[in-house]
Amino acid sequence: MANKITVTFGSQHIAIPEPVSFVFETENEIITKVDVDVGYVHRGIEQAAVTKFKYTNVHYLLARVCGFCSITHAGAYVHAVEKLIGVETTKKIDYLRTLVVELDRIHSHLLANGHVAEVCGYENLFMQTVKYRESCMKLLEDITGNRVQYDYYTIGGVSRDLTTEIEKSIKNTLNELRKNTIKLMEFFETDYTLGLKTRNIGKITTDFAKKMNCVGPIARASGLKTDARAEFDFLPYEELGYKTQLRSEGDVWARNMVRFDEVLNSIEICLNVVDGLDEGDVKVKVRGKPKGETFIRVEAPRGECFYYLKGNGTNIMERVRIRVPTYANVPVLRELFVGSKYSDAQAIVLSFDPCLSCTAR
Amino acid sequence: MSKFRKKSPWILHYNTGGCNGCDIEILAALGPKFDIERFGMLNRGNPKQSDILLVTGPVTLKCRDVLRRLYLEMPEPKVVVAMGACTFGGGVFRDFYHVENGVNNILPVDVWIPGCTPRVEALIDGMIKALDVWEKKSKDKEYLNNHSEELLKEIGAIND
Amino acid sequence: MIGLLMTIFSPIIGGLISGVERVVKARMQSRVGPPILQPFYDFFKLMDKRPIMIHSFHASMGVMYFISAWFAFAVLMLGNDLLIAVFFHVISILALSMGAFSVRSSYSIIGAMRELIHLASYEPVVILCVVGLYLSTGSFDISVILSSSNAPIFTLPLLFFAFVGAIPMMLHKSPFDVAEAHQEIIGGPDIEYSGPFYEAVYTGRWIENVFVYFLVFLFGGGNFILGAFLVVATFLLVTLIDNSTARLDYQRMLKFAWVILIPMAVFNIFFLALGGN
Amino acid sequence: MINPDLIMKEESIDSVKDSIRKWYNQDKHHYVTVNAIDNGETLTLDWIFSEYETKNKIYVFRVENVGYNTQIPTMTDFLSCAWVSEWDLADMFDLNIENAHRGMFLQPDAPKAPLRKESYSGK
Amino acid sequence: MLKMFSESFKNLFSKPETVLYPFEPSPEPKNYRGVIFYNEELCIFCDKCEDICPPGSILFEVVDVESNKKEYNYNPYLCIYCGACVEACPKADEGCLTQEKDRMPALAGSGEQVYKNEKLGYFINRTKSAKNLDFQWREIENKTKESREKLAQHKALKRKQKQEALKAKKASSE
Amino acid sequence: MANIFIFLSIVLPIVFGFIIWFRQCDKVSGLLTYSLLPILTFMGFYVYSVDASIYIHTIGLLDFFIVTFDFFLLIYFAWIGMQRKSNLVIFLAIVQFILLIMVISIAPEVNTANIYVDKLSAMIYLLVALVGVPIAIYSLKYMDYNEKRKHTFIAIVVGFLGVMNFIVSVNNIEWFFTLFELTTLASVVMIGYRGDKESINNSTLALWMNQIGGVAILFSLLIMIKDFGVYHFTDLWQLDKTTITMAAFGFLSIAALVKGAQLPFHKWLLGAMVAPTPVSAILHSATMVKIAPFLLLRLSPVIQDTLLSKLLVLTTGFVFVAAAVFALTQNNFKKILAYSTISLLGLMMLAASIGSSMAVTISIILIIFHGIAKGFLFVEAGILEKLFKVKYIEDMNRLLEKAPLTLLFIIFGFLNMTFVPFGSFIGKWLMIEEASNFLSKGSSVLLIALVAIGGVFLSVLYMKVIGVAIKHHRFSKIKVYPQPKNFLFVSVWYYAILSILTIFIAPFIANFVSPIAIFITGKANGLYADGLSLVLGNSTLEFWQIIGAMILLIAIHVAPFIFKFKNVEQVHPYNCGEITKRDAQSYDFNFINNYESKINMIAITLFISVLIFGGNLL
């Protein structure tokens, strides 16, 4: 039959600013075969972390594994190193860390959802989402000094304290943002055309999610209850009002909605943080060198981020292994394409909110 | 005529393996708060119709040839803007084994935007600088002609 | 005379329309947006770019698209039969899609194919529209339509809405910017054009703007103020719709045109024709 | 603070696949990844799992002293998502993993097996 | 769809959100992590900043092995503005190394003058043209490495001399 | 003089055919076929220019001879049926046999001439000469490429042209039946020409489907003779239209629909593909299927404004759309052409069954232009098949590099089928204008919708096919390869006719076609030529528009040869910066096939309703 068209989607493509390449074979725009190449961003970070960097500055490198969850990568590393050295952090430090992690989640989720809208051809919704997201970016910049690369975690603390002025603006902004998020949610929920592009598209059933070991919002949108924030103690989430958000539809739309649910929950957490903040120092003294092995899971915006660290008592780590959420979600992504339309492929990809810079490291 | 030129720069964005931080900011720049369409900038995503190649990232080995191909597909006069520390000698990724240490090793860069992540304002400043460079280039009309066969062979220009 | 002037200046009018549209669109997205003259800046820039192409045939088709779009508009303005002008419009689509097909780039090919599907979706509606105008004013002749005392919009409300529904398909606007689909196929048929050749395609699109909005204007009949109002209202409506919908796929577009727009148009004509007797 | 209930099971390279297959329960266990640690001459391989809705549980199936050329079994027949991590390791350590494709991450002109100690410690 | 319809309509008549930068200021916040300023007078040349800097954008070149005189080279284009150096600097509180909230301006790569400021260290202030600034930095890196080796050799030599002198002393005293 | 020319037009090709068959020699075949071209053209033109209907009374012996021949034909059909073990064919042959006996037994002696030639017939003579003969010329070379029994084939083709001329000249419907059966025979022989299993099967299919047409004619004859006592076309026109019953015409229309391969009887025409390409050309273009609109044109004065005509409009309009849609799913080039023939036949018959003076004009315009363009296209399809081994759409990928000249001709043929200012477009345009005048008759609105929709689908179809072929490598040199002279002659011949006719389309239509319609309907249609512009009431297709469109379209399709941008650098197509290997083919819209059964159901329903409601059988 004369109906095969091979469509390359990436590595340079407007819908996915990151270099990743899918090669679709389509028939009448229905995808029949997929090839995925996720290795474009491989830079050699795992090697560099154990050769070029001392344990004291590896987290600056790891933050640049991915800009979306720069804070999570740095955080995972810092938590692990603190454990290997045996540092106990104070409640205030934990709270501040939680604050930035959750703010990061908010901006990342909003951007992800906006981006899905954009690739569905809904430019205005993207614009509105980005518009509201800017307030969160402003907060992050005020708190950490940069909009994307926060470098907020330091070993044994955080880099700077909140001023009362910022505290106040956090409260105001977040309350405003909550209202706006609910408004955005309504757009996503009620929009008919967007529904056509997102509902029942790229559907993952709970069983399939389990089979493919999905993580993050992708798993939670399919009704698979997994969240490192609940399954691993790295920050005091329980006392801050964390709740796991679940949806059962498993399609693009559900993934968006789970993200919105989580944004609302994160706003709650952040407000609780500000309310429950103690006085005190933002750093504790660190003595010693990392020694031994540790496994750590933290929840990045895109899902569970896993670190394995091995130290040998010197300045340089022995092994740093990073397993990131997109890395865990790529297999299921590949399965989803076959049989769907090419015009839905962009929405499917971006509903995973893929971040290949960490997949390839 | 080239008076008008300065007002319509179309952008081709390629991430050569950075951390996405810069790319997030490019997206933010498209958004309502910064709205770079004010300057007539559009994110075309298509080398054939772009004037400014906005590169982020330290250029990983795998992206290297893609970057070259995209550059060659762009019609002159064209400007290369490198955004972020990565593009300047690799940033944090300097001297990693799978990294080309910055864009300048692959293409001639016209404007560097420092920062990691640069602010969106920095991006806008850089773009405005790029416009000057662009104007100058289009006056000079120094086109790079006839890409050598060797280069084309090396990057594997598509055979159809 | 006016027809001649309109024809000559149609690219400029079209450019202005697309400039205003970009500003309005930006405002709807709470942005400032580009200057109104932005399309002309783009124009001059493209003119000054160094030309590159895939092959001569492809490049020449871009130019042919522009010429035939312009010619179609000339036929609309200078000829006296609306129906013929509508058929002339197809030639420009032919040039565009042939050019897009002639390169071995999957985006371009998909775009061309979708362009054809666009044609299959809106063309029947446009023809029915012309027939409706005939029914309402008794002539296919533009000058007669423009001097008719009763405005066709009042007798053809459904048809008018069907036409408005087809405008996004003709002008590649959301929800039916299927052939352009920036995030999927990056402009579809336009993708391989660059420099002056892209400029031809770009300007061709402006002329289509004028073409379409002129058809809208005809619904005002002899009442030019009403016509102008209709144009502005339609323009706003189309831009609003553009800004509040996601892109649908080509099957949905076909279905929409066939299940809703065409029956709507047919129904209106039926109703009017039977009632008229 | 962080104190995972680490459950480490020592296995041999021949038995590891069977024991994981026997133990693995899709509804309960979450496959995290497979990890390799270079000890100079040999490798340690970890297959790492966690458990849904349980706090701080991490299961590790560890195989010590794996040679660089040992054939390593693939888990993709019952863990269909494991291919990424296996291809990754195959690239990074130049390992002999069943059915793994090479070259997803590394370009042909990049150093081979960048994560082996010998490749970066200059030996 | 309808919701967005009315929202778009509302937006059309309300003020856009856009900050008209550069025609309108959009200042960095107080906390912003901008460019690193250095004050040679306060520096004790402990090299802590050089040690911790992740991309290696601070380099101390030893210009005189005798007196162990070092020159501070800083590359703001390579810098990732993490602030680690300031945190590591024992003299930061006095203002030896500070992170300002200003941004480094963009650099047009050909022919243009590089933005200069005394506090940016020797590298930036000595560069003549912006062309291939990254290659110029590579030279500094190599030079620094060489100078370090020289210093090490010199130190080793000194130590040897000292030891020899000591030995000679011992021998002579014996 | 005219009488002799009519006689010669019918007999000469048949005689030539026999000579060719006997001699089996290249020179003779060549000479005879080439000489037919000027001879037939001249005679056709002469007959056309006679400004009156020509009635020719024949001797009774001929009548007897034809009837006898008829019985032998039916026996032969039965024999074929027995040989091919097709009970259907045998059954239909027997039914026809019995019906024919009944018809003859009750047929009254009528004193009307059996041969009646008017401008319409003459027009078809011309078409046969200008389009049919070149196909014979083309087969001279075509059959050299691994085909058997070349001269026999040419003989059949040439002889068939005579039969074709004959069928459009008869007045007696009984004779018409015989000739109808004869064309059926011709199609069976030609379709089954290659003699392999598929050919045989398809020819059997063609046989029984066409026999149904035959049965319908016989039924109609029976009813006609019983009701009105006449069985000549010219006599039918004299009947009082207010009182007559429609049953006979209903059956005749069915015969026309079957012969015109309308859905659901379209399979036989598709089956014709298995034969050598000239067969398809001859079936599709000037001849054979054109009998269908011809028959309806003969009936149109009677059925105008009846329910039958409206139902026919609906049926054929539906086929116009449905066949165009089906064509989108096909991947065999000849099948695509076949579907487009079916579709356009629908349009012609639609126009014919409306029956107003304008509609008849439209129908004739379509017959002429479709004939030439389709002949052209099939000739090119044959060239593709033989010279370039291209049969399927996927083989056509990057055809421009292999066969630029042939592709150019194909594109021109396609453009002719749907674009301004070519004949088929003018047909469509006039149709809509005409129908707009009758909007108060609800069916006109549907008609316009159907015409608009079908036309768009055909455009999409042609552009899609062109699109596949037009692709080429950016460095491919487009060079014309030499072709056999015969092929080139035929291609250029068609190209020239089409171009000339198109440029002078206004006078052509106003002064050549429109008189035919006026002749048939006796009414003026308001079309006239103002210089080279075509005027219809208020609307004008101005000459500058015609020539402008002509220049544009010619520029578009010969662009690969004429436009060479020398100083422009070439780059490769955008592929996301990657260099993956790619397939770049086309869509086949196979989801349409899901609706196939539904569409067929509608077609059958319409078919039956034509018979039952249109023919007033209830």
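The chains carry the letters A, B, C, D, E and F, assigned in the order they are written, with residues numbered from 1 in each.
Heads up, the rule we're going with is that a residue touches a chain if its C-beta (ideal position, glycine included) is under 8 Å from a C-beta of that chain, and two chains touch if they have at least 3 such contacts.
Keep in mind that what you see is a predicted model, and the values were worked out from it rather than measured.
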item	value
Between subunit D and subunit F, the fewest steps along chains that touch one another	2
Labels of chains that are neighbours to subunit C and to subunit F	A, B
Chain nearest the global centroid, as defined over all protein CA atoms shown	C
Chain whose mean Cα position lies farthest from subunit E	F
Chain whose average C-alpha position is farthest from subunit A's own	F
Dominant chain pairing [most C-beta pairs in contact]	C-F
Whole-Å separation of chain centres (CA-atom averages), subunit A against subunit B	27
CA centroid of subunit A to CA centroid of subunit F, Å	66
Centre distance in Å when subunit C and subunit D are each reduced to the mean of their C-alpha atoms	58
Residues of subunit D touching at least two other chains	105-106, 114
Shared-contact residues (touching 2 or more other chains) in subunit A	5-6, 8, 11-14, 29, 39, 42, 44, 47, 60-61, 63-64, 124-125, 127-128, 131, 134, 146, 149, 191, 193-194, 360
Residue numbers of subunit E (touch at least two other chains)	1-2, 4, 7-8, 16-18, 20, 32, 54, 80-82
All chain pairs that touch each other	A-B, A-C, A-D, A-E, A-F, B-C, B-D, B-E, B-F, C-E, C-F
Residue numbers on subunit E that touch subunit A, as the complex places them	1-4, 7-8, 17, 29, 31-33, 51-54, 80-84, 87
Of subunit F, residues touching subunit B in the complex	473-474, 569, 571-579, 582
Subunit B residues within the subunit F interface of the complex	14, 46-48, 65-67, 69-70, 72-73, 145, 156-158, 160
Subunit E-facing residues of subunit A, complex	53-54, 56-57, 60-61, 63-64, 124-125, 128, 131, 134, 141-146, 149, 151, 154, 159-160, 186-187, 190-194
Subunit A-facing residues of subunit B, complex	12-28, 30-33, 43-47, 57-58, 60, 62-63, 66, 70, 86, 91-93, 95-99, 116-117, 119-120
